[in-house]
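Two complexes follow with chain A in common, the first pairing it with chain B and the second with chain C.
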Partner chain A sequence: MSRDGVGASVTRGGGYDRVTGRQRYVADIHLEDVLHVKLVTLDCARARIRSVDASAAWRVPGVRLVTTAEDLPRPMPRFGPQFEDRPVLAVGETKYHGEPVAAVAAETRDAAEEAARLVHVDYEELPAVVTLAAALDPAAPLVQDPALRPGDPFATTNVLREHRVAWGDVDATVADLVVEHVYAFPMVTHFAIEPHAFMAAPDGDGIAVWSTIQHPYWLQRILAKLLRMPLSKVRVLAPDPGGAFGGKQHTKYEPLVAFMALRAGRPVRLVLSLEETFQAARRASASVRVRTGFRADGAFAFQDVAADYLVGAYADIADRVVSKGSYPACGPYRVPAGRVVGRGILSHTPPSTAFRGFGNPQVNWAVESNIDEGARALGIDRLEIRLRNLARRGEAFIPFDTPADGDWEQTVRTAAARIGWGTPLPPGRGRGIAIGIKSGPTTGLSYATVRLLADGSVIVYAGTSDMGQGARTVFAQIAAQELGAPLEAVTVVMGDTAVVPYDAQTSASRSSVLMGTAIQRACGQVRDQLRGMAARLHGIDEAGIVVERGTVRLPDRELPVLDVLRRGLGRLGGELIGNGEMRKEEEPGHPLGGSAAFWEFNCTAIEAEVDEGTGDITLVRHVTVSDVGRALNPLQVRMQDEGAAIQGLGHTLMEHYIFDDHGRIRNLGAIDYRIPTSMDLPLELHSEIVENGDGPGPYGAKGMSEGALLCVAPAVAAAVRDATGAVIRELPLTPERVWRALHGEPDRP
Partner chain B sequence: MSDTIPIQLTVNGRQRSLRVAPHHTLLDVLRDDLDLTGAKECCLVGECGACTVIVDGRTVDSCLVLAVEVDGASVTTVEGLARDGSLSPLQQAFLDRGAAQCGYCIPGQLMSAHALLETNPHPSLDDVQEGLAGNLCRCAGYQQIVDAVLAAADGADR
Partner chain C sequence: MHPFAYERPGSLAEAIALLGRHGAEARLLAGGTDLIIRLRDGSLRPSVVIDLKRVEELRPAIREEDGRLSISATSVMTDIAADPRVRRHFVALAEAAAVIGSVQIRNRATLAGNICNASPAADTAPSLLVYGAVVVAAGPAGTRRIPIDEFFVRSGATTLQRDELVAAVELPLPARRIGAAHVRRTRRRGHDLASVTLTCGVDDAGVTRLAYGSVGPRPVLEVDESGTLADPGSTGEARAGVLERMFLGASPSPRSMRASPEYRVAMLRALGERALRMALDRLGGG
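The block that comes next holds the complex of A and B.
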């Protein structure tokens, strides 16, 4: 480990701009001559649009454009990362509360807002389905037109798709004890403090689009197809997002602003309000039925899991959330027979998308809670039953996937030790422990370019988005380490598809592993060129030269890299350019299209106290331990783990959307939708990491940053039950819900 | 714009005379008219603190204050914390302790923390958590932010 390189807690790349207010997020960028866009939406979820009359809107001074479905190409252009089902503007029928029917562009924000209010939409409200039960009712209206999914056997139902994984024979397996329960997970939203923002401007014979997007290259591909432009004419600028958590992965209103900019011949900007952001992205709620078979000694005989996720009106990435999220539902355990059926159920609600943990927290909450039920019934300690079944390193716990890639017992024992498992507790207190697991990326492709400039400084080009996880910092550390450059001399360029080479996506905690490796390889190419230079300069064979950490080692002496570089480049100067590529190919036949690059593994342990008079939960201690392989920047790792842990307290204790009979979200915005503040923290929060250098990434790193969120809910609920005996199988654990459980009152939906 | 109203503000020590629409908030004016984009827009209902600035020594949610209401006032934004290119001790502590992740909430956190330390130079942990309760951060577990404020306060001791 060095002062600057890998393993050091160097301060954040871009940190200076962030503490001085100079960091320019999308909404902070001013484009000359820009028009302001406001969306026109209806006051219900589902409606038949009879007509749109914009004449009053056009009369507002400063209005330059009103766009309705009529003004867009026919048939209505549709897009989506998995299914091309989402229209640029609602056509014929709105499908969820907040879906735009039209949009206005005006010289000022005031004029756009006023005109948007004056667009008169004549519509007839239609019944909306906003719950699993309603969507699955055979008499329910179809959310999507079956014509959108030709040949799909589910197209005439509200089931988007069904995913099954199974091994062993669950039905034929006998167990000494079978425990079966249904667990509910709430619909929650990302609530990044930066609302989504989009801008577009004609750019020569192409277009430039600014977005708070996590996957700029995916967006570029979608825009190029919709606009019928070559990729080279679609430039996506993606300044560092102000928090994203998955909510900004996929295309939302960029196609709309692109069409409007081209029509207006001027730049346009659309900055969503927080309320509109709530309607643009959220996590799928879920109902998960778990049937666990136990042997008398606590060994698992089988797991049988059926998870229904309530997805939105359009698929976004929700189908993948369902398949990949439900897939490891049986957990990191030895399960002789496992069966998981995950279904995405369409509804008249905002499209659900990726959210830290993907679709795993939903099933994790259910399965971990059910394991506790079994342990209690068998009289086995809840830690003990987990350790007894936990996969050991190298065990293929899912038969057709990457075997256990860590010393997971070490992680669990560390968490147990830190919470004081098994030691006496004061009255009224309880403890819970739970394990979370998530598959890392199953496929991936990252390119990186590294330029070693004539003075020894370095520019790294990486298409990852730094949305707060600190990718910029870690990439600079890797380049500094590989090339022996001081960290201050490394610049990382991101966020511009016209400048930075392709990267598939920033998701699934992949970037340190995949892009990090691409950067390492690009640095390797630069080192090879340095070796060639030194060989030429000194008339020796390349094979006898090693370049390491800023030094060129010849058979008889060592030279600083800079010395070789200067002489090698000669009077014209110049630079060395290295390219690196890291791909994780698809594996045909694998249920997810590819095995896990690594497993994200976490153990969370909670000590809690409950106020029986109010139902309030106090978290006395929250321990989160993640196996990260190697911490490239321990401070950033800690921040990610703690941030994930507290975010997990949101869906555990307080967050959930509430719908009314019209399918409207009743608690839109910050007043009625609460997320954890500095007053909601556990009295003690301990985050620890396990580092065995056993990951596939640079220096043994694994991906991390989602793990600490995965199993917060089951650990907290278990601590509440331990403290009070209250059994709650529906999140969030609001004071009212806890109080009702304690006082034998029925829960209210 | 005919119905604008003239106001005078001292922003980060600089006198500004401008005409503002009566319904525009201080946040609108800072961001759109003065190009001071450090204060951020998020909830616009006074709940998240991303738009926090200091007006005559007190923190306000600038999204809730009309610009005409602060005519004559002295306003400090995050852009006014650093002096002559060097960070204030609080900013330095935020940087050193890794308080900023995405950074979007940080201008607001800094302004609340700054005001807290002005009135209470030696805050307890509880004081800091309470003082920052109106500033949401979705990235962090708040630990590093709170640590940074306590560290800056400690530094002021020496």
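The block that comes next holds the complex of A and C.
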């Protein structure tokens, strides 16, 4: 391991700037002559818009533009990553609390806010469906206009789509014990510290758009289509986001600000408040029915899982969340017969989108909890039953997908050892253990460019978004390793579609593997050019030259790269440029369109204590162990796992949206939507890394960043049950819910 | 934010005159931890904000005089929680002040603001009730002293007149030894609004004073003079009976999303017993 190459725990680049306020986020960028935008929304979820009267708003000093549906092209432009269903502004009807009906642009934020208040919308409130039961009622109003879903068999229901995965014959499989329960997972939001922010400015004959987006190139494509501009005229600037967690993957208000900037002929900016962010991005809640068949010895006979996800009024990426999230519901186990039906159910709620774990935590909570039920009924230890069924390396646990790509037993045993599984506990304490698995990217495309400059320093161009996961640092480490440059001489350029080559997306914990490989390959091209140079300079055959770790090895001697580079470039100077590409192609016929590039695998073990008088849970010890193949930066790997573990405590212990009868979010904002603080952390948090170099990425790395969140909830609930006997099948495990379970009070929503 | 005029009087007389001139159009600013939020969200749109921080007579000060501790209107929670006299004589108030909001909030939030906001969940209220605090109200006709139990009316409403402001909160130095404790219930351990906030004080004559908030429109004070609660010899049943009667004044809202009425009432019992135990321990331990 070198001091600052791959495998070194170098400090995260930009970390200091982030915590000292020096980093310039989108909201910190001040454009000359900018107008401030405020959205106009209604005080209910669903309403028929009769008319919009902006005359009073126009009279507010400083107002320069009021945009309503009337001012946009007709038919209303619609967009979305999967379905083009989301209008730039609500047209005819609002479908969720917070959906914008109009927007005001003014010289100051205060003027924009004042004017937005004065836009008079004449509307008739309509009944809204905000729960699964209401949305699935045959008499329920349809969230999406069937006319927008031609040829769709579900068009006359609120089912967005249904995804089925099956192997073996569940119905014909006999089991000694069948355990069936329904588990509920709450609706939660990402709560990134950086506000979502959007700016747009006319840019010659094109447009420049600044966004806190995770996928700038996808946004560029959507904007180009909506604005009827070539890609080359749409420049997306995407400074490093300050936390995203999936909530910033997809286009939200960029089309609106783009239309407004073009109309105003001036730059405009829209920075969402936390309350508006709650209405712009959230995770799908879910109700998951699990029927598990066990043999008497604890071996699984079958898993039968039906997961309904409550998605929003527009699909965003929710359908993919449903399909990809429900897909590995049967877990990393040997399951002779498996059946998973995942459905996205439309509702009059904010569009649900990607969120760290991407639909997996919902089903994982249910299936892992159900495994515990079976173990208890059979009198088998809860760790033992998992080990008995766990897929071993190379086993195709989902018959048509990537086989088990790690020594998973090692991960589980490490977690069990760290929690002291099987050792005596003081009274009032309990333990839980759970396993999480998630498919990595199924397709992907990343390009990288690497320039080796005349002085030996390096610039890496990578279209990944570094939202805090530390991609910049890892990419710099890879380039430093590959070219032998000191880390401090490597610069990583990101976040500008006019400068940086294409990258499909920053999601599914892919970047170290896919972009990392592209960077490695770009560095390889640079090394090839160095070999050519050395061959030319020394009059020898290229075949006899090796470039490695900053050294050019000739048959008879070794030269520093810089020496070859300087002489090779000659008096005119210049540089060497390498390009790298990494593709993961689609696999036609695969249920997800492609097999897993790798599996994210985690085991979480919890020791908890419960105050039976109040229902308070104290996490005495939280152990999270992830198989990451190779930790390119162990410090960052631990930070990611710890962050994911703590974020998972949110939906486990306290986070959930609460709606009223009008479909309004009652706990809009930080006062009544609580996330864990430093005071709410486990008394001890241990993160461990399993490294066997068996991943597909650079140096054997697998993707990581989501694993430690996947199975927090079932592990905590199992520990609570172990400590108290309380059986809870609905999250979050608030003190009141635990108290109710302990005191025989009926649960309340 | 809606525009407003900003006034920064230097004297109490000036502040009262401004208040008289602008009446309902004016809002007083001390710590601003409630006011600024409501200005920002537009739920308050005063035409004048009168900043009290430069009023000479209201400068941050905790003074001991004439057998009482006087806490001026601009004294902040951080200072109150750390003050040795508060900690010695009024430990439950120090405990309550130390759990309000976050560090940043406590560095700004004032005791006077906390009671004038009159939130049923105000954490200092139960302790002030137990210690028999007196609110010093200054108005055009001079000052008057309002016992804290007569100050709270309901959420957001007090008996303070429109032309008055709170100049100080006074705490009579206890004539007897008191053991007291403040406890609260929140949805998480980190800063949060209380779904039950409760203070119990027991004196060496056997009188137990118990005050609680966040379970009705205003905080409630109950006194047990029977000695049952303070008597280490009473049965658990007897104590529970007395506590039960003391909690009859609780009427939590069924509409709250923070906790159900049955949970709040159950937590009153659980916290009441805990606070009583702590108070007795402290009385015993001196």
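Rule of thumb we're sticking to: the second predicted complex is superposed on the first by the 746 of 749 C-alpha atoms of A that agree within 3 Å, B and C clash if a C-alpha of one lies under 4 Å from a C-alpha of the other, contacts with A are read in each partner's own complex, and residues count from 1 in each chain.
Assume a contact is a pair of C-beta atoms (placed from the backbone, for glycine too) under 8 Å apart; a residue touches a chain by one contact, two chains touch by 3 or more.
Because the structure is predicted, anything quoted here is derived from the model rather than measured.
K.L.:
Per the contact definition in the header, classify A:D110: touching chain B only (first), chain C only (second), both, or neither.
P.N.:
both
K.L.:
According to the stated criteria, A:N692 is in contact with first (chain B), second (chain C), both, or neither; which is it?
P.N.:
neither
K.L.:
Contact-wise, after the overlay, does A:S678 reach chain B, chain C, both or neither (first, second, both, neither)?
P.N.:
Once the two structures are laid over each other on A, A:S678 reaches both partners.
K.L.:
Which partner does A:D28 contact after superposing on A: first (chain B), second (chain C), both, neither?
P.N.:
First partner only.
K.L.:
State whether A:T551 touches chain B only (first), chain C only (second), both chains, or neither.
P.N.:
Neither partner.
K.L.:
Of chain B and chain C, which one contacts the greater number of residues in chain A?
P.N.:
Counting residues of chain A touched by each partner, the higher count goes to B.
K.L.:
Counting only touches as set out at the top, which of chain B and chain C does A:G243 meet: first, second, both, neither?
P.N.:
first
K.L.:
For A:I193, is the partner it touches chain B (first), chain C (second), both, or none of the two (neither)?
P.N.:
Touch partner of A:I193: chain B, not chain C.
K.L.:
Based on the superposed arrangement, let me know which partner A:R666 touches: chain B (first), chain C (second), both, or neither?
P.N.:
Only chain C is touched by A:R666; chain B is not.
K.L.:
Please indicate which partner A:T734 is in contact with in the superposed arrangement: first for chain B, second for chain C, both, or neither.
P.N.:
In the superposition, A:T734 contacts chain C only.
K.L.:
Counting contacts the way the document defines them, which residues of chain A are shared by the two interfaces, the one with chain B and the one with chain C?
P.N.:
110, 671, 677-679
K.L.:
Going by the contact rule at the top, pick out the chain C residues touching chain A in the complex.
P.N.:
On the chain C side, the touching residues are 1-3, 42, 185, 187-193, 257-260, 262-263, 266-267, 270, 274.
K.L.:
Which bits of chain A are touching chain B when the two form their complex?
P.N.:
Its residues touching chain B are 9, 11-12, 14-25, 27-28, 30, 109-110, 190-195, 240-245, 271, 273-274, 467-470, 635-636, 639, 642-643, 645-647, 669-671, 675, 677-679, 681, 685, 687.
K.L.:
Would you tell me which residues of chain B are touching chain A in their complex?
P.N.:
Residues 21, 23, 31-32, 35-45, 47-48, 50, 77-79, 81-82, 87, 91, 94-96, 98-107, 110, 128-130, 132-146 of chain B touch chain A in their complex.
K.L.:
So in the complex, which bits of chain A are touching chain C?
P.N.:
Residue positions touching the partner: 110, 113-114, 117, 613-614, 653-654, 658, 666-667, 671-672, 674, 676-680, 734-736, 739-740, 743, 745, 748.
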